[in-house]
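One chain, chain A, links the two complexes that follow: it is found with chain B in the first and with chain C in the second.
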Partner chain A sequence: MKVTFPHFGNTFFAAKAAFDGLGIDYAVPPLCNKEALEIGSYYSPEEMCLPFKIMIGNYIQGIKEGADTVLTTGSCGPCRFGEYCELQMDILKKLGYDVDFIVFDAPKAIGKEEFLRRVSLISNASSKSNNEQIEAALNGLKVINLIDDIEKIAHIKCGYEINKGESKKILNSCKREIYSINNPEEVVKRLHEYKRKIKSVPIDLNKKPITVGIVGEIYTIAEPFSNLYIEDKLMDYGVCIKRKLSPSWWVKNTIMSAINMQSLDIRLASRKYLPLYIGGHGRECVGETVLSKREGCDGVIQIFPLGCMPEIVSKSILPTVSKDLNMPVMTLIVDEMTGETGYMTRIEAFLDLLERRKSNNVLSWS
Partner chain B sequence: MKVGIPRALLYYKYNPFFETFYSELGCEIIESPETNKVILDYASKYCVDEACLPIKIFHGHVYYLKDKCDMILVPRIMRVNDKEYICPKFCGLPEMIENSIYDLPPITKTPIYANNKEKLLRWANREGGNITKNKIKIKRAFDNALREQEKYTCGVNDEGYKTKVVLAGHPYSVNDSFLNMNVIKKLNNLGIGVITEEFVSKDDINYEVDKLFKRPFWTFTKDTYGSTVYLADNRKVDGIVYVSSFGCGIDSVLIELIKNNVGDFPFLILKVDEHTGEVGFNTRIEAFSDMLLRRKLS
Partner chain C sequence: MYYLGVDVGSVSTDIVLIDENFKIIDKVYLKTKGRPIKAIQDGFRELKKYKKEEILAAGTTGSGRQIAGYVIGADVVKNEITAHAVAALYIDKDVKTIIEIGGQDSKIITLKDGVVTDFAMNTVCAAGTGSFLDRQAERLEIPIDKFGEYALRSDSPVRIAGRCAVFAESDMIHKQQLGYCEEDIISGLCEALVRNYLNNLAKGKEIKQKVFFQGGVAANAGMKKAFENALGFEVYVPEYYSYMGAVGSAILAKEYYEKGNKTKFLGFNIADLSFNTKTIDCSGCSNRCEVVEMLRENKPIGFFGDRCGKWSEKVKAS
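Then we have the complex of A and B:
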């Protein structure tokens, strides 16, 4: 068995560490790229949302590297993501690829036994003992938490750093280095070192950078390729970024939702505007916009793929939130046709707006 | 008290329930007219751009009603069957309305879980409580409303046509003749009869749906998929006509599912949005009917 999986932000570091620990053969598809998107949009239904298309590209590129099993997660609605696996299986079958799908759905929906059966498909392929398998899974969890932490720190420090671009450089070299290590313990150790390193980046607290909150659909904000590397661009401008939704957040949220204790702050914050879960991360998007203001953001950017149903609901709510909180909100919609230049112009114009609001004087040139 | 009921979305399926319920409580019912050009103009003006046409039309109907009544029914239907949903936009419908149209009278926001009677009664008590404090009256109105709803059937099953197609799509696209540009009449004029999903039994639907890897969690996906594939596989119809609104997330999955499972079977997808021109629409239906005719002759 050789496993492949779709990319989703930094998850491949964790998956890699976990599979290394389990001793299962795997093929990490090339990082999301233009070719993956091209393959994906060629074979996917036209009106499907962007994550589906990129994932199809990932699978096919992974299969070309020798994978015969696809590992993915599912959900049970009401957002489209839950139906992905069904269509993706059909598409790959039609293309003549003989692959097995292992879909991790919520135990609530498919029954505990079926869930355990699917987990056992993975654990049976590993020759390690049960304890070692649990350790491997925990290592994966540690890796995803650490890398997301490092990213979060870098996103704040990039506004205050004295040597411009230092935190971005550290973040990038960290990612490059741990990708080349095949020993999970070593990866965790290196990540701890990098965390210390990024914490010790010298900063100038007299700087008053703009802070932007990023909210929206989780895949398009956590997978940098799908949002045309907006975070890298903002870091280059020396803008602080606050983004709560990340793979590690998702893991925590999924576990906590079993006892209905997930993201209480978001639920409280969104109560006035959207008191119910509507699927996807529509409620989180609204709640986070409210929280961003409290955390001192100057503006919020919402990103979602074209046609995303829950985010359309939150998009219609955000103007009211923006008016109530007196904070600008911009919505960016991405799909396979998004042109980079127009996209950049909008981001730059938005940053200009935030800068002028911050200086309190529209006509000040100083 | 005047209660406004917008003639859009699931009005076409659950109208008897809401109408009986509110009139039994002593309210005057004001229904918006059938969708027309004016309502469509309101729709595209007062709704978020990315929404699909049926949701936009609902906004148009609410805008039409807003100065004519004291309360507007905006049903937040979460589910009608266990473990199934309608669509994320239905779950957030009152919020969408509230934040897109200003100066609204009060709207109903209580979620409707119509998968069991107790939960539905909870909705009735909550919303009825705003009108009367008399619990017995609410219960009586609720029971009568359910009875009226059970008596009601919608859908079309034409007899006496040589060719027959299944008209698939969400109930609100199939039944709103402005939205689908009178597609039923157009097909009938070409000598094609129409059957809709309501005339396929639950067992047949479930039989088809159980063949899937994962049971769809959208009620309309399940019904439309099951009935269409059943009718097509058993050759009870000669073709499939699917009315789909542009940008519908559910249709993007559903159409693909049907396509994958009916094989080489005539399948016409009519995409509608607020810019759809009627002439191109007619041409496509005529071409499809010609094709069906030739298949019959050969």
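Then we have the complex of A and C:
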């Protein structure tokens, strides 16, 4: 068995560490790029959302590197993502690719037995002992938590750093380095070192950077290619970024949802505006916007793929939230047609707006 | 002593010089024709009577602001939304809403107490922008500067589907074939475009008075009237409506200079230098960036499009 999986932000680091620990052969598709999107757009239904298309591209690129099994997650949820895997299986089959799909989903949704059966498909392919397998899974978890943590710290430090660009450089070299290591223990060790390193980046607390909250559909905010690397750009501008949704958040949220204890802060914060789960992460989006204000963000950027139903609902709620909290909110919608120039213009103008509001810079000549 | 503002848009390139009192000293309007560098050089040739030393600071804006920034050695490279807002606020501090329609895109900017509070830019469709009106004028064989007059002569505008440029055009052709007169069709077109603007771009935005209408399309009196009819109050077109972006960027340059910074402006003589661009398919990693290299006299002066900064740092270092 040779496994491939779709990209989703930093998850491939964790998947890689887990498979290395399990001793299962795998093919990491090339990082999401235009080619993956082109392949995906060609074979996907036109009106399908962007993440679907990029994922199809990932699968095909992974299969070309010899993979025969696709590992992905489902959500049996009331958003299209719940049906992704079924449609994707169908598309790949029609294209003549003979691959198996292993779809992970919450035990609550598919039943405990089915869940264990799916897990056994992976564990049976591994020659390691049970203890070693558990350790491999835990290592994967450690990796995703660590890398997401490092990213989070870098996203704040970039606004205060004394040597411009240092945080971004450390983050990038961290990602490059751990990708080349095939020993999970070593990866975890290096990540701890990088975490110390990023924490010790010298900062100037007199700086008053703009802080922007990133909310919206989880894939498009966590997978940098899909949002045209907005976080890299914000880091270049020396803007602090706060983003709650990440692969590690998703793992935690899914586990906690088994006992209905997930994201209590978000649920409380969204109560006034959207007290229900409407599918996808629509409720989270509203809740995080409220939380962003409390956490000192100057503005919020919402990002979602064209046609994303839950986010369209939250988009129509956000103007009210924005007005109540007196905090600007901008929405960016991405798909394979998104032009970079207009996109950048909006981001720049939004930052200008926040900056001039913050310093109350009623232009110098008036 | 002057401040220079350059607005490189999709259709036109505007250059202005302002003095300390924000008075416009000189202005140049050129068609970009898809060659931003050449347009800037042509414009600079006309401005050669000014010395490099007379320019205290320079700014660029518009969709070509990055490339223009490299070519002229700009001090401030700012997006057109900020530039337009700055220029409008300078003319009238009470302006609350700016309707800006240019060659390829349309925007709405709302202001409060001299600060931009919200903005939107068209995302999906170019119907209603300058290029579309240009094309329709050409198709009807009416000079574009007469387009507004035609619209004003109409008493009963025809209803045109304005949601999308392609459908609007086919609907116009259809109405022509039914025998409606040109005046009514053109006036109907203006109304459709305004309807489209208000229903899509300005959806959910409060349009407060005083409203400024700027950008190239503001030249069209028919559009101004259609906006006034739809909104029910007067819409102001500032004197230099088509230069507002450039004026804004010159004002931003002035701000930069007044903060005590020195200019990097290269002078008007760059009109005679040779500029080239080269595309590099970077194969350094799986991001596969398409990097554009900019050359002046065959020496690299700038790179864009690389994600990791491997290329763009080269220039900064040298």
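Please note the rule applied: the second predicted complex is superposed on the first by the 363 of 366 C-alpha atoms of A that agree within 3 Å, B and C clash if a C-alpha of one lies under 4 Å from a C-alpha of the other, contacts with A are read in each partner's own complex, and residues count from 1 in each chain.
One rule holds for everything that comes next: a residue touches a chain if its C-beta (ideal position, glycine included) is under 8 Å from a C-beta of that chain, and two chains touch if they have at least 3 such contacts.
What you see is a predicted model, and the numbers here were worked out from it, not measured in a lab.
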Combined model on chain A: chain C and chain B, fit or clash: fit
First (chain B), second (chain C), both or neither touched by A:Pro319: both
Which of chain B and chain C A:Met89 touches, first, second, both or neither: first
Following superposition on chain A: angle at chain A, chain B versus chain C, Cα, nearest 10°: 80
First (chain B), second (chain C), both or neither touched by A:Ile333: both
Partner chain(s) touched by A:Tyr229 [first = chain B, second = chain C, both, neither]: second
First (chain B), second (chain C), both or neither touched by A:Leu353: second
Which partner, chain B or chain C, touches more chain A residues: B
First (chain B), second (chain C), both or neither touched by A:Thr341: second
Touched partner set for A:Lys34, first chain B, second chain C, both or neither: second
Partner chain in contact with A:Asn260 - chain B first, chain C second, else both or neither: neither
Smallest separation of CA atoms, chain C relative to chain B, angstrom: 6
Those residues of chain A which chain B touches in one complex and chain C touches in the other: 319, 333
Complex contact set, residues of chain C against chain A: 22, 63, 78-82, 86, 89-90, 93, 105, 113-119, 121, 123, 204, 251, 254-255, 258, 285-288, 307-309
Chain A partner contacts - residues on chain B that touch it in the complex: 47-48, 50-51, 76, 78, 83-89, 91-92, 95-96, 98-100, 111, 212-214, 216-218, 221, 246-253, 255-257, 260
Residue numbers on chain A that touch chain B, as the complex places them: 45-49, 74, 76-80, 82-83, 85-87, 89-90, 94, 103, 105, 109, 273-274, 276-280, 282, 306-310, 312-317, 319-320, 333
Parts of chain A lying in touch with chain C, wherever the complex brings them together: 30-31, 33-35, 165, 172, 229, 232, 319, 328, 333, 341-342, 344-346, 348-350, 352-353, 356-357, 360-366
